[in-house]
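Chains: A, B, C and D, in written order; residue numbering restarts at 1 for each.
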Amino acid sequence: MVIVMSTSATEAEIQGVVSKIEECRFQVHRSTGVTRTVLGAIGKTDDFDLRRIEILPGVESVTRIGEPFKLASRSFHKDDTVIELGGVRIGGDSIVVMAGPCAVESRDQIRQIAAIVAEAGARVLRGGAFKPRSSPYSFQGLGLEGLKYLREAGDAEGLLVVTEVMEASQIEPILEYADILQVGARNMQNFSLLRRLGEVRKPILLKRGISATIEEWLMSAEYIMAGGNYQVILCERGIRTFERLTRNTLDISAIPVVKKLSHLPIIVDPSHAVGIRDKVIPVARAAVAVGSDGLLVEVHTDPEKALSDGPQSLYPEGFRLLMDSVRRIAPVVGKRLT
Amino acid sequence: MVIVMSTSATEAEIQGVVSKIEECRFQVHRSTGVTRTVLGAIGKTDDFDLRRIEILPGVESVTRIGEPFKLASRSFHKDDTVIELGGVRIGGDSIVVMAGPCAVESRDQIRQIAAIVAEAGARVLRGGAFKPRSSPYSFQGLGLEGLKYLREAGDAEGLLVVTEVMEASQIEPILEYADILQVGARNMQNFSLLRRLGEVRKPILLKRGISATIEEWLMSAEYIMAGGNYQVILCERGIRTFERLTRNTLDISAIPVVKKLSHLPIIVDPSHAVGIRDKVIPVARAAVAVGSDGLLVEVHTDPEKALSDGPQSLYPEGFRLLMDSVRRIAPVVGKRLT
Amino acid sequence: MVIVMSTSATEAEIQGVVSKIEECRFQVHRSTGVTRTVLGAIGKTDDFDLRRIEILPGVESVTRIGEPFKLASRSFHKDDTVIELGGVRIGGDSIVVMAGPCAVESRDQIRQIAAIVAEAGARVLRGGAFKPRSSPYSFQGLGLEGLKYLREAGDAEGLLVVTEVMEASQIEPILEYADILQVGARNMQNFSLLRRLGEVRKPILLKRGISATIEEWLMSAEYIMAGGNYQVILCERGIRTFERLTRNTLDISAIPVVKKLSHLPIIVDPSHAVGIRDKVIPVARAAVAVGSDGLLVEVHTDPEKALSDGPQSLYPEGFRLLMDSVRRIAPVVGKRLT
Amino acid sequence: MVIVMSTSATEAEIQGVVSKIEECRFQVHRSTGVTRTVLGAIGKTDDFDLRRIEILPGVESVTRIGEPFKLASRSFHKDDTVIELGGVRIGGDSIVVMAGPCAVESRDQIRQIAAIVAEAGARVLRGGAFKPRSSPYSFQGLGLEGLKYLREAGDAEGLLVVTEVMEASQIEPILEYADILQVGARNMQNFSLLRRLGEVRKPILLKRGISATIEEWLMSAEYIMAGGNYQVILCERGIRTFERLTRNTLDISAIPVVKKLSHLPIIVDPSHAVGIRDKVIPVARAAVAVGSDGLLVEVHTDPEKALSDGPQSLYPEGFRLLMDSVRRIAPVVGKRLT
C-alpha cells in the first residue's frame, strides 16, 4: 500500500497516518520529498480496505501494491495451467472447441447435434439442463432429464460434457453427469456457489460477469481455488457497453491481458458476445487469432425452432466452416486443436 | 411486435415473415407504404425471442410492443404500492429511512447503533449477518448469531429489521429473525433465489444489479411477484460506469423513470453508490429531492474499526444532520417521514 | 510517481528503473520491503507518460502522485471561485439559473421566452445560434441573426446571455453579443478551440463530454486556464451508460466530487441529462439538493413546435414550479438564488 | 416511424396522435388490435425528433423506421466502396497497413521509420504533425515542419501519407502534403470540421469517438459525404468501458456490424485500443481475422525516447512479426495485402 500525502499535509497528519498504518500491522517506509511525503506500507493487504486510510486527514491517495488475488496469479504459478481430461487438453498450446445447443431440448436433438459437432472436431459437448432465463415465463430447461440426455449424447460420440450449475442443490446431480461445471455470467459473484464449487474436484468453467472487471473475475476464480479446486477455465463472453447493435461487446483484449496476469486457461464464447448468428464466425476467428485457448459455441440443427437462443446458434455447415478457420489460424499463434 | 421490412424486401420475403409470425400464433397487421412494408404482430410477446424474426430474410428491425414485465408494471396496477409493516409505511407519500452498520459485528455494536438511528428517526435497522465479500479472505459475517443480535437490537428500539439473504439455505433462518429480506446487487439475477423468494410472505428489498438496466431490474421484481409475493421494494445503489472517482455512479434519474413504469416503492442507497463518507449526505439529499421513497444508509459509531465498509459509513452526528435535511426537503416533493 | 516492482524483480531490474527515472530528472526514494521494492519518484510528472516506466522489466505498476491539473485544482486555489458578472454571482453560496430555448428560432420567440424566465427568477438567458446537430440534414441555427435576437432579448429583460461556440471563427462574433461562451459536450476535448478560449476574457461554460472522466474534464478546464482565462464554469449534463430509458445518465455525485477537487463553480443541465420533459423537474431538484451552483434549463413556450429539443423543454408553468422548488431547497444546503 | 399506443389509450388520444403525425406530413397506417393500437407513419423521418410524438398522451413508445444515415448505408450503395490511391486499394478484398510513429519528431526519425515500415510491407505512412494532447503542457507536434518531413519520407519510400487534421485552419496545409486526412476520435462529432471536410476531395480517415455508437459514427461519415466527399475510411480504435487494464476496449464486433450496415471500408487501430505494446500484436491479428480492411499501427525505432505514445509503439521487429501474421491470416478471410 502506497499512501501519498497532500502537499498541505501537516507533520501531525503524517504522524497520524503512520500510527494508523502501524496499528494495522504494516511496516512503514517514509519518503519525504520537497513538496510532499509518500508512505510505503509493506504487509498483507489483500483483505485491507484502503478507504480506511483514504479518509484520514492529509491523505491524497492510497494505492494497493500487488494484485488482490494469489492462487490465480501468474506470479504465484509461472507456467500455464493445462487441464487434461480424458485425452483433451485445455490450456497451453492447445485449442479446445466446446459446442452444442443452448439448451438440451430432447434426447434426439442433443444426440443429433453431438454427432455433428464431434464429426467436425469439437471435443466437448455443451448443453443447458438448468437455464437461467431473464423472464420467469420462459422455458427453464429439462432439468435432470436433460442432464441424462446430455451425458448419453456425449458418451455416444466420445465427447466430454459441460453444463451450467445455477445453485448449490444442483451440484450433486450435475457432478454425476457432467465433466465440466459451468458458472454463468450472472453468477460470477454468487460467492456462496463459488465457495461450494471450491470443494468440487472437477473443472469449473467460469464465465465473466457482464460488467465484471478482469480483476474481479480473477477474484472469483480465487474463491474457487481457495477451496482447493485449482481447475478453473475462464470464459470471456462479452461485457455491457453503450453499443446497442450487438448483444454485448466482446472484450477481445481481455485474452492477452488475462494471459499475462494469470496462468489459467481462457476461452471465448462468441455466441453470447454478439447474439446474432452472422457475426459469430468472424468474432470466433478473432478469438483464435488473439490467442485464446478455445471456443464455446452454440450450434443447432434447427435454430428456427430452438427453445432458447436459436438466433445466435450456428447451423451445422456454419460450424464446419468455423472449424476449418480455426485449423488454419491456430498455427499462426503457435497453437493446434486438441 | 412491430416488424420493419427493408426497402429491398421482396413480396416473397414479406410473405415468409407473415407465415412465420402466424405460425408463432400472432395476429398480423400489414401496412404497405411507398418505400417499405411494416408488419404489426399482436399477441403475447413476453416470452418471444425477437431475434427469431430478426434473422429472417428481408427484415430490417423488430421491436417489442409493451414492457416484458406485467405484475411490476404501472399499467397493470395504477396506484402506488404501499407496504405497511408494524406502523411503518413504505411507498406512496412516505419516506422511510433504513439505517445501521454494514455488518453486525457484535451484540453491543448493533445495540448501540440501533439506539442512535432510532433516536434520530430511522424506522428500520439494517445490518448484514451473511456478507457477500469479493475476497474469499475477508470477514464473511457472524451468520445466525448476527441475526439474533440484529433482531434483539431492533426489538429493543422498536425498529423493523432488514438483512441480506445470499442463498436458499439462508431463507428460513432469516425469515425467523428479519422483517424485510434484502437481495444484494450481485444476486439481482440469481433467478433460483428470486424464485424461492416469490414463495415468501415478507417484503423483499431488491437492489439493482451493478450493470442492470431498469427493465431487467423490473423483470427480477417480476420473478418474485410471479411467485405470489407482491411486496417488492426496489433499491437503486449505483451502476458501473467509466468514472473512477466514485465507487459507482448513482443513477438519480432511475427514480422518476421507475415511478412512471412501475407502482413499486423505490429507495436509494447512497452509501454504496458513492463509497466514501463525505459524499453520502449530499447524494442522500438529492435522492430525497428527486422523489425516492426512502434511504438505506450505513451508520457506524466507530467507522475506523468497522469490519466492513467503515469508510462509507456515517458517524452518528452525520446521520442526524442527514435526517434534518430529509425532514426539510421532503415537503418540497409532497412527502413526509414515516 | 510511485513505482511498485514485482516480487520477482531482480536487483538489476530495480537498478534499471532507478537509472531511467533519474534520467527523466526525478528524485528517487527507495523502500525495500521483505517481498518487494517500492520506488518513489519526486518531481514534475504532469506531462510524463507513466507507461514509459510501466513497460520496463520488473515493474508491476506505476501510479501518478497528485492530479494532472494545477490551475483548476483546489490545492492550488483553496477558496471557491466566484464569478461576478453584472450583479450576478456564479459560485460560492449562490445558485444561478440559466434558462431559455435550445435554439433561437425567431426574434419573437426569444423575446417572449426571455420575459417569462426573467419574471420567474432566471438571471441568464440561454439560446443557441450555432447548433451542433448529429444529422447534417437538421436545422443548424440562425447564426449571426440569432445572436442579435438573443442579445436584444437579454437586454430587454436585464438578463445575461450565454450561447454555444462551435469553432474558432465563431469566437469573435459571439464575443460581441454574449456574456458567457458555452463549449458543448462534443467539443470538450477540441483542444484547438479550448486553447483559443484561453485568450478570451469572458467566462466559459464548459460542458462535460459524454464519456469524459471528471479528471479529463478538469484537464480541459486547465487548457482554458493555462491561456490566462480563469473564469471557467463547469456544467454536468449526463454521461453515457448502458441504460436506455434516459438520454444520458446524470452523474449526480460528480458535483460533490468536483467541489472537493476544484475551486471552479459547477452547474447542472438536467434537460440534456434526461432528455424528456417529465423527468427534468425531479432531477433539477436533486441537482440543487446535492449542492450544485446552478442550473441550465431548457424552456419553451411552444415545445411542440420547437425546431430543436422541444420534448425536453419545460413549459413556462413547469419552469415556475421548478424555481419555487429551487427557492425552498437552496437554504437546506446553505445557498440562495443570485 | 412506428407508434405503439398504451393499452389504456383512449380513442381521443389515438386521434390526437394521428392528427399530429399528419400535421408533420406523414402518411398514417392504423392497426387496431385486441389490447392496443399501433400506428405506422410513413415518410421522411431522418430529421424528425421522435420525442415530439413520444410525449403525447397515450403513447407508449415510438420507433424510427430505417437508419438515420443514407449515403453511408449499404442499402443506398450495395457494393463495397474501394478507394484506389496511387496503386493502393482500400476496401473490398484488400488489406492495407498504415504504420509509423505517433508524432513526427524529426526529419531523421520519420525517414528511418518510413524505410522500415515500407520494407516490411506497409503502404501508407502515418505520423502526427498537429497533436491533440489531453494536457496543455505536453508536446503539441512540429506543425508545418512535421508535415514536410512526413511527405518527404513518404515520397522517399513510395508510401502514401496520412496525418491528423484538428481544425479548419489546418485543412489547407495538410491538403498540400498529405494523401489521406485523419479525423481523431475526439473530433468525430466536431460537425464544423466534418462539414468542411465534405468539401475536400481527398479520402478522410474517420476514427470512432471514444463513446460513439456505431450509428453515430456512420452519421459523422454521412456529414462528410453529404458535402460530396464519398471517400471515407472508418477506423475502430477502442471504446471506453469500465475495464481499467487496457486504455480502451477494442470493439471487435464493430467490424462485421459496420460491414453489414455500410459499404465504407473499415480498418482497426490496435495501438490506441490497447495502449501498451505487448497487447498490440495479438489484437492486430484478431482485427485481420475478423475481416477488417486494414490496420493503423504505431511503430517507432526508439519507443523509449518517443515524444508521444512510445509505450504503445511496436519496435521494428515486432512490426515485421505482425506483417508476417497478417499475410498468413488474410487468406483465411478471403483477403490479401494491397
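Observations
Rule of thumb we're sticking to: a residue touches a chain if its C-beta (ideal position, glycine included) is under 8 Å from a C-beta of that chain, and two chains touch if they have at least 3 such contacts.
Everything quoted here is computed from the prediction, not taken from an experiment.
Path length between subunit B and subunit D in the touching-chain graph (shortest route): 1. Shared residue numbers account for over half of those found at the interface formed by subunit C and subunit D, and the copies are therefore classed as meeting with the same residues. Using mean Cα coordinates as chain centres, the one most removed from subunit B is D.
The distance from the centre of subunit B to the centre of subunit C, each centre being the mean of the chain's C-alpha atoms, comes to 31 Å. Separating the CA-averaged centres of subunit A and subunit B is a span of 26 Å. The distance from the centre of subunit A to the centre of subunit C, with each centre set as the mean of the Cα atoms, comes to 38 Å.
Residue positions of subunit D with contacts to 2 or more other chains are 211, 240-242, 244, 278.
For subunit C in complex with subunit A, the touching residues are 2, 4, 6-8, 27, 29, 31, 33-36, 38, 40, 42, 60-61, 63, 65-66, 75, 240-242, 244. Contact residues on subunit D toward subunit A in their complex (touch as defined above): 211, 213-215, 239, 241-246, 249-257, 260-261, 273-274, 278-279, 282-283, 285-291, 325, 328-329, 332-333.
Contact residues of subunit D toward subunit C in the complex are 46-47, 49, 51-52, 54-55, 68, 132-138, 166-169, 186-187, 189-195, 210-211, 216, 219, 222-223, 226-227, 240, 275-278, 304, 308-312.
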